[in-house]
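For reference, chains read A, B, C and D in written order, and residue numbers begin at 1 within each chain.
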Amino acid sequence: MSSNSFGKLFTVTTFGESHGPAIGGVVDGCPPGLPLEPAMFLHDLERRATGRSRHTSQRHEADEVEILSGVYEGRTTGTPIALLIRNTDARSKDYAAIAQTFRPGHADYTYWHKYGIRDPRGGGRASARETTVRVAAGVIAKAWLARRHGVRVRGYLAQLGELVPKGFDWEAVEQNPFFWPHAAQVPELERYMDALRKSGDSVGARVNVVAEGVPPGWGEPVYGKLDAELAAALMSINAVKGVEIGDGFAAVGQRGSEHRDELQMDGFTSNHAGGILGGISTGQPILASAAFKPTSSILIPGRSVDMEGHAVDVVTKGRHDPCVGIRATPIVEAMVALVLMDQALRHRAQCADVGDMAPRIA
Amino acid sequence: MSSNSFGKLFTVTTFGESHGPAIGGVVDGCPPGLPLEPAMFLHDLERRATGRSRHTSQRHEADEVEILSGVYEGRTTGTPIALLIRNTDARSKDYAAIAQTFRPGHADYTYWHKYGIRDPRGGGRASARETTVRVAAGVIAKAWLARRHGVRVRGYLAQLGELVPKGFDWEAVEQNPFFWPHAAQVPELERYMDALRKSGDSVGARVNVVAEGVPPGWGEPVYGKLDAELAAALMSINAVKGVEIGDGFAAVGQRGSEHRDELQMDGFTSNHAGGILGGISTGQPILASAAFKPTSSILIPGRSVDMEGHAVDVVTKGRHDPCVGIRATPIVEAMVALVLMDQALRHRAQCADVGDMAPRIA
Amino acid sequence: MSSNSFGKLFTVTTFGESHGPAIGGVVDGCPPGLPLEPAMFLHDLERRATGRSRHTSQRHEADEVEILSGVYEGRTTGTPIALLIRNTDARSKDYAAIAQTFRPGHADYTYWHKYGIRDPRGGGRASARETTVRVAAGVIAKAWLARRHGVRVRGYLAQLGELVPKGFDWEAVEQNPFFWPHAAQVPELERYMDALRKSGDSVGARVNVVAEGVPPGWGEPVYGKLDAELAAALMSINAVKGVEIGDGFAAVGQRGSEHRDELQMDGFTSNHAGGILGGISTGQPILASAAFKPTSSILIPGRSVDMEGHAVDVVTKGRHDPCVGIRATPIVEAMVALVLMDQALRHRAQCADVGDMAPRIA
Amino acid sequence: MSSNSFGKLFTVTTFGESHGPAIGGVVDGCPPGLPLEPAMFLHDLERRATGRSRHTSQRHEADEVEILSGVYEGRTTGTPIALLIRNTDARSKDYAAIAQTFRPGHADYTYWHKYGIRDPRGGGRASARETTVRVAAGVIAKAWLARRHGVRVRGYLAQLGELVPKGFDWEAVEQNPFFWPHAAQVPELERYMDALRKSGDSVGARVNVVAEGVPPGWGEPVYGKLDAELAAALMSINAVKGVEIGDGFAAVGQRGSEHRDELQMDGFTSNHAGGILGGISTGQPILASAAFKPTSSILIPGRSVDMEGHAVDVVTKGRHDPCVGIRATPIVEAMVALVLMDQALRHRAQCADVGDMAPRIA
């Protein structure tokens, strides 16, 4: 598979630069018969979009999805589904100044070394604009997972800089621009972000995702483990520097008697494993977490070099997020959904003949 | 690619169960002309082996590698290299008791759900015995990386339960059975492990790996990013629950002005990124870290159910590691080497024509 | 890789239905720096297009290629190149009559069985309209092969029904609407096709392709052999029923002393092998041939059944080619170019270190 | 996937050189629960083996298959099945003479150019000995196809040099060493082969294969078409120069009214298509055919060059088949079975939800 494609049987190929004419993708391997129409993309694209609050980038993209193929009379046909999203609010002149230099913390330097040429406008292919297509593809995966298996994939912001939630309520998550699970803290977050923006700096974040309803058996040992593919999926998102499944790094300090999840007739007694053992789902909720680094595009000058090898100071103007993790929640959900759908299809390919042979645990 | 294969151009396919007749693998895509002989496997297999100190499992495997193909007169020929390792010290009777039950924290339950059948002897395919083949394949990758690119991949134990290194010295790492980078702490670690073993419990660990000499440009955006593939590689190792690149989760609490690595004429001023930006290597050392959960095979009884659905207590006898993370260092190194070699080959496929066009930074 | 993608390192993913809003594709893995602009697609798309003579379908498509990504300031950047072609002359009403029935010799019946749903308009995804994108992707491959390796890929019509060329001249091929290599026969071909069209019937054809300038060494044994991939590439073209490399089926009746190509100091003495031995190119011209069946869409009624299971007679109206093989020459060339470029990239990934060690033969 | 692997979900990876210590392979993706034991390999390996009559090579290999993994208590477990076959009758000294030269018609020249190194003993990796593993893997695929879907895959020799069958009887095929479908001609074939052997020359052959019981719906448009994958599978077999599906090249001279298979209530009226339309199976028997070139290893001297670039005469001693096509029948069957099983698994991954919606035709 090429490196702009993701997934083995449910394969998403994306294309497009931040300031090119369009971004888009081809979703291949979707089973036939799934109801699909453009309106279905609106909710998650809106959740991911910039410009919806003062706490994110002020670029305003229409994010209108045109379905070019693979759907007939409102249902998928089993043929590739092409999605096209025109770029409508690119301001490439913001980037003229940095075309000859390398912004610290950005992919400018590495793209140049790899390819010897790069599209400097808005970060080109390395821009988080590409994740719009992931979210759109994730909408298809979420729809199939929900309809066929009753799976629900939901995420929330679990840390913003030093701040952590002091309570948890799924209801709250969708009612504030931070995907924060505790409503009472929202004013505090707003003040925190306002101060950050004024300082011209940025901050990191942690996003947690929970997938409920995944049956036991999904995941392919030993290199296509469900957790290994989730790790790749989340680490492939721009700015992610760490991934955890279940207890993650906290497991380092735990004892085996504490970490291992015991089984009783009515189910597991705990979920330290995050719903995955030996790379295969246990039937418990899948728990994954991603660490987002602070945005490198900040107003505080940074030292760098230009393409002639001279020392320069870089100030990143453009329109940027002071915390990329905020809008990342739907992206993380989408990547988890893509992995789950792919594994679901792979599972039935190989294991369709296996009945329910193990004792069911609630 | 099937899920028992790893890598796109340098592809390793492994096979074998813990207590089956043999384990082994096929290494496909190794360039021709690389010197290779069985003795080259000894060092890393010895480092990974059980039974070398009282702090690991007491299973004694010969781990003798037979090269079945792909090498002619001491050099690789470009054809697939098959490696065979006979199992010589399997004690399957230890497992008779658990053939009808599901050990908590193990893959027994999930394999049964997925496949409807499982080889219970020694954990079958889910056993860490499989990682022997990864280490052997990693030897080939390390040899090619060193010879062709001067790359060196080294790991060490960065945390054992609550204990963290109080100093750092690469020399120390290979001189104690823990791969611990600070010699003065070794007696403390021995006492810690002795006490743990007596308690019948186990503990988690963190392994860090550093790859030096990787040139800028390796890694394929956007789904074949170097960090994404490292994440999958490390998370695919038995018992790993978390992966970090560079600062990892610490980045969540950082500011952009702190995290971003600035560039000067003599190089980067820091390496928070862990040597990867936009999924592509920067030329700095690659830094990766993996969290290992505490072994689930402990002497303390755990609650479970059997295949008839009755509640049972499980005590895992067999011969197990009280801390799987200890022997994991060469496994982590091997997986990093496999990813790097694969990316190196992919890089020259697409970018062989790109000269050294960017300003070199020391 | 998904089944709407072709190629391992130079990967082409196509999408689109004959009468949907658009067709297109994503070309991933093209090395950076290749000059590319929309005008480069005109020549080959014009050669493949319908409606250029009375001997092909009278559908008139603009076949205007929009490059959506992967090109910056006239050069490829190494990121995915998305190509979009809007459908402009679809007459779906022609197909209303056959929405409930299965045209003999078409994919209607099989798509319905596979997917349970199908887009009946113009054959949907099974239409040869999809090959437009193959030709566009082939333009990129041809350009790279020519520029980087001096490779030239050319095809011609080698048989039309019972007619075979009575002479051979590359110059003639591009000067008649049949890609026929002997100019003197063109009037005969025109009469032949006129008579065929009047009869409401169709006829088969054979297309030969020659790739010159391929260096020795391309092709990967044993399942990625150059000839095996050419066979898959050509057989994947609509209506192809047979593929030959070199002497092909004629080799069945040959003796070894006749077939094997001997080597002398100034090169091979013959090319029965078609430029491939053991799945690897020899340095001689690559010779491949494809058999096209006669179009199934003819005016002569055919017996079939409808979706309710009743017997019906089918007359295919629409606008169809009386010989699909005629326009197939650029499609065959494109597929050969895609295979060669992919193998060229794969070769340098694995064998870049191999110098010119074998004795050169002119 | 690497080029020593075949298949997307049912993946066979082979390894081994003709005169190395062993050949073998890893079969990954076999569904769990299939009965499998070493004795099941005997029949097809015996059919493929050399030395069973005077008309094939006189190398006598035991071809004993050791199952190293993936089977527990006589059933597949869903984990990779490793197969090992030791080489027991390699006579490498026969090849000393040709280590420095390139045999005409062989892969010596091309392997040398590609890899810069080659194992000259017995043709190394390019030897047809590799096909032993294909046949073994094919046994697994045939067993699953028969048990799960009632599919039967059978082949026969359809042409030997100039000779064609004058009658057809499946019973006859397995009762003569030629897989010839007309018993009365066997004495003629024996005389033909005896004369050929005496002349020191070799001859080509055609093998046909028929797969019965394949349900409609297998095959993935547009690049994973069933016929495209069959073409790759057959063309990947040593010495194959052409592949046909259904009428193959005969379709070139046919009219559409003749070629298209009409449908009636009791089924198709003909099978010119060979059971495949639009790349998807129709439910009719799959018909495929492969052309084998005459062996290049003959006693008649051939001109060549050596590695120093001097002109030489080559006489191939060793032990060779005067017609490789004779023993190829089980190899062709195996490759067809591998393709069908892979497509069957892929079909149920994507289309498991599709019921029997189309009108059934007997």
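To be clear about the criterion, contacts are C-beta pairs under 8 Å (C-beta built on N, C-alpha and C of every residue); 3 or more make two chains touch, one makes a residue touch a chain.
These numbers come from a predicted model, not from an experiment.
By label order, what chains touch subunit A and subunit C together?
B, D
Given the two chain pairs C-D and B-C, which is bridged by the higher number of C-beta pairs in contact?
C-D
Determine the centre-to-centre distance between subunit B and subunit D, using the mean Cα coordinates as centres, and give it in whole Å.
So the centroids are 38 Å from each other.
Find the geometric centre of each of subunit C and subunit D from their Cα atoms only, then give the gap between the two centres in Å, rounded to an integer.
One centre to the other, that is 26 Å.
Using mean CA coordinates as chain centres, what's the subunit B-subunit C distance in Å?
45
Among the residues of subunit D, pick out those that touch two or more other chains and give their numbers.
Each of 1-5, 9, 14, 29, 32-33, 78-79, 114-116, 125, 221, 346, 351, 354 in subunit D touches at least two other chains.
For the complex, which residues does subunit D have touching subunit B?
Contacts found on subunit D: 1-5, 9, 11, 13-17, 20-24, 26, 28-29, 32-33, 66, 68-70, 72, 75, 77-82, 84, 114-119, 124-125.
Where on subunit C is subunit D touching in the complex?
Against subunit D, the touching part of subunit C is residues 1-6, 8, 14, 102, 104-107, 109-116, 125-126, 130, 159, 161-162, 201-206, 216-225, 227-236, 238, 240-249, 251-265, 269, 272-274, 276-283, 291-298, 300, 302-309, 311, 325, 346-347, 351, 354-355, 357-361.
Could you please specify the touching residues of subunit B with respect to subunit C in the complex?
Against subunit C, subunit B makes touches at 9, 29, 31-33, 78-79, 148, 221, 345-346, 348-354.
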